[in-house]
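Have a look at these structures, which come just after this line.
Each of the two complexes below includes subunit A, the first together with subunit B, the second together with subunit C.
After this line comes the complex of A and B, so read on.
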């Protein structure tokens, strides 16, 4: 009887905690949901005095350029993640697997963009980009967004490789796999969970970028955050709320579908930060 | 069946560290050769050199007389089975075993048949759908062996194949390796730090200290005539009497001793004898090589008795059959006979490992 009761109490406590965490995560979005459906909401009323779909209908009208912004944002973030992985794989492998002279310095340099505000560096980069014709272009924005994404991607992949046994590759070589086949059949399947997590980080960091996109894109490269900030600046909270809700859709979906990779023990994040 | 020849092989990892040092070795076709030596003495490097996973600094490697230096690992047909992390964790047991044939591009039907066949051979029939993490250590080892054997390698390279297993599994695995090797006649090289393992499994042992080959031969040779002091000690001949060689007789602190074969020049020597070669006698008679000792300890160890005996200038260990022997008291005086044929002399300046 006692055991049953304490068991019951424990389950009750767990449930309470889960609710608390969910509330802390979701409640901040409540005002936005309300704002997005409001038509008229003036001080001091607690709820909008008039409800409406103005925000949603405007955003989905062709003049709002929402479709274009979503496509631009998606392609930029996808390209950034892909490039981050391409650069991060060899870097992470070197940092995770090998010891070499000056490794600490290299580690520090790779992490430095996460310490120094990217914006500070971007000012100087902007001038160079203007010279090379990269300013105000899609590719210029992609390049500059690599600054905040790379430290995380390299760190995650470095962690993945630090628990990776290179013997697996050697074994495969002696079994008749050439280097290309080893990469495809052995290395990639081994590190896939880590690559997915790193790619997600890069995608989400890129997805939320505002300042760098604005500076290098110069308003020509229209991403979702740029569009959002336009509305915030003009004081239209209804539209801004609609957009911010749209902005969190991809992160939410991605997180939902890949949470198993993030939480699975001993795979991707097991060695996070341990080089 | 492939014969492997290593000629003057050297592998340096840096200017100081030599993992393999001017090593020449014949590995006979269709036999089991053990590379024996203490941990971290370049044994695994030697396997990797044969497999083609690391290039030698100098020297050459021949398979049936053909140099392999320009042949990449995947084309040598020398399959290596590592000590741990044996299987690909993202593939099922069956796919693991099939890996080599898949790389070769064999038709799926044939691969399936062979996988089932070889799994049966290593007593893992019915396990092909399992994940490696669902197997025990011994089963993983057998699956790894199957994955290597299925490719019908020219040379099978095993890195410490038994050291991660429990004692009873070890025996089972040793028999399996032995039987499979005899059945298929694959030239097999295995690395171990355990001399007992090497003696029981190998046709030929190559003893390596710090990348330097000490002695090659049948297991028996290492007990009957070790090539040097370090080899003798590694194989448990740990009784050392310092002495001075005077043309046939050797003066030690315990008296003058005779040895049967003496090929070393006069000068300071170390006499070595195995603990089981020392005989306890009751009276001196007119024999040579009898020395007097004092019993320091006497331990009954089931079928054998182990004694520690102080003699002039050394502490000797003696192992005898237990049955006819009463246990001696501590401090008791005892006569020991050191048979001249079993007494080996090595120059004293030789380094000891």
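After this line comes the complex of A and C, so read on.
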């Protein structure tokens, strides 16, 4: 009896905690949802006195170019996460598996963009990008966004490789697998959850970039945050709320599905390795 | 060893991606289907106009022909859905239809970023193929660009529609005290008006002095947005014009001695009224939108705006009470013009010229002036227009709360040069916001 009751209480507590966490995560979005449908909402009314669809009908009008901005944002973030994985894999492997002279320095240098605001370096990069013709281009924006994403990707992949047993690769080689087969059948499957987590991080960081995109893209590479900030700055909370809700949807969806995929595999935390 | 070979493979993959990304983008389809409308085909530069640099010996028709198929990157403040929609839907569609030009509106939160962008390109040595083709600008940003030699020109005189702009109107020829000299073409006009609720205060104050007296008699019912919000800033200038004995003495270059001699009177006036302002003047609304909310909510009895027909639009939208009306002071209110300019390194100058000319056309100006579309005052002088357009502009329903263009024109005061503005805004912060 006693045990069952304490079990019950434990379950109740867990449920309460989950609800609390969910509320802390979701409640901040409630005012935004209300704002997005408000037409007239003035102090001190608790709720809008008039509701309307001005915000939603504007963003879905062709002049708002929402579709274009979503596609641009998605392509940029996907490319950035792909590229940072490609660059981050060898770096993470080297940092996670090997000891070498100056490793701490390399680690520090790789992490430094996470400490120093990327914007500081980006001013100089902008001048160079103008010379190379990369300013105002899609690819220029992708390149500059690698600065804030790479530290996290390398950090995560370094963690993954530090708990990786390289002997397995050697065993496969002695059994006759060539390098490509080892990569495909041995290495990749065992680090895949970590790669996905790292890719997600890169995607999220890139998805929310405003300053770097504005500076290098010059406003011509029209991403969602660029559209959004125009209305945040002008104080149009209705439009700003609509756009920020839209900004959350794709990243939220991706996060949801990936975390489900990862937990089903039972490796959601395993992806982080020994961080 | 293995890490190295892996890195090699990654590098190869990277290269592959680089190259595939560098593949030429699909060609932009050039519009040839729709022939230019007769009106556009007949357009000519005004007789005797000096040709725009780079187009020597070419007629307007040649510029229009060269512009066809160009994409014009138009950088503008993008914080209003009404303004954005007018540009991306009306103007872009007409330009495509009439001239085969693709107008790419680039929204920015503050146009000074775009000025810095062009400056950055100049410093990087990008003297051609600049990213900005057309910029919506006035005041200190125009001055900065002129001083740093960032603008192409003079070109405004070659626009066929420039004949509708009054050449002796100082509010068009001088942009915040800086001579325009053909380096920008007018886009629209703004004039400061006060908004009041006729149901609550039947007789609006006739002057700044009366308004401030009213504020003292009705504590908590008046405020203004904190400068550098541009509406709050222009209100402070009105108070200073009134408190220092008139604007005429400040019309020239910035004079630090005159400034420190005269303006303390202005800060004194503002500080005297401060305790009677909304929330006892301990805080000020941060921007125009907050100010609108306060007025709409009845917390304050006066609002102020640079757009004379804005109150009518807000009544139509249901945001302002139907009894809201506008007024100007008997001594007049500050007016200015906003313009379009072309950066020195624009790669689509012909296209930019045609867009600027279209924006100045009676049809575009008329569409822009309609409160439902934008409600921006026209930069054209109605007296110079063909009679049919004169009638249309005269019959334009600007809304019940909008003053007639005659009343507005009779009460126009000039802007000061940009240096004055900056000094006034800084001194306001030091002496009024943080003062006492």
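Here is the rule we go by: the second predicted complex is superposed on the first by the 251 of 275 C-alpha atoms of A that agree within 3 Å, B and C clash if a C-alpha of one lies under 4 Å from a C-alpha of the other, contacts with A are read in each partner's own complex, and residues count from 1 in each chain.
Simple rule for what comes next: contacts are C-beta pairs under 8 Å (C-beta built on N, C-alpha and C of every residue); 3 or more make two chains touch, one makes a residue touch a chain.
Predicted model only: the values in this text are computed from it and were never measured.
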First, second, both or neither for A:135, with subunit B first and subunit C second: second
Residue contacts with subunit A in the superposition, subunit B compared against subunit C: C
First (subunit B), second (subunit C), both or neither touched by A:93: second
Partner chain(s) touched by A:177 [first = subunit B, second = subunit C, both, neither]: first
First (subunit B), second (subunit C), both or neither touched by A:229: second
First (subunit B), second (subunit C), both or neither touched by A:4: neither
Touched partner set for A:64, first subunit B, second subunit C, both or neither: second
First, second, both or neither for A:165, with subunit B first and subunit C second: first
Residues of subunit A defined as touching subunit B within the complex: 165, 167-168, 170-178, 181, 185-186, 189-190, 192
Sites on subunit C touched by subunit A in the complex: 2-3, 5-7, 10, 13-14, 17, 21-22, 73, 75, 78-81, 84-85, 87-89, 92, 104, 106-110, 113-114, 117, 120-121, 123-126, 131-132, 286-290, 293, 296-297, 299, 318-319
Subunit C contact footprint on subunit A (complex, rising order): 39-40, 42-43, 50, 54, 58, 61-65, 79, 82-83, 86-87, 89-90, 93-94, 97-98, 126-128, 130-131, 135-136, 138-139, 142, 166, 169, 179, 183, 214, 218-220, 222, 226-227, 229-231, 233-236, 239
Touching residues (chain side subunit B, partner subunit A) in the complex: 48, 51-53, 72-76, 78-82, 85-86, 88-91, 99-100, 103-104, 147-148, 151, 157
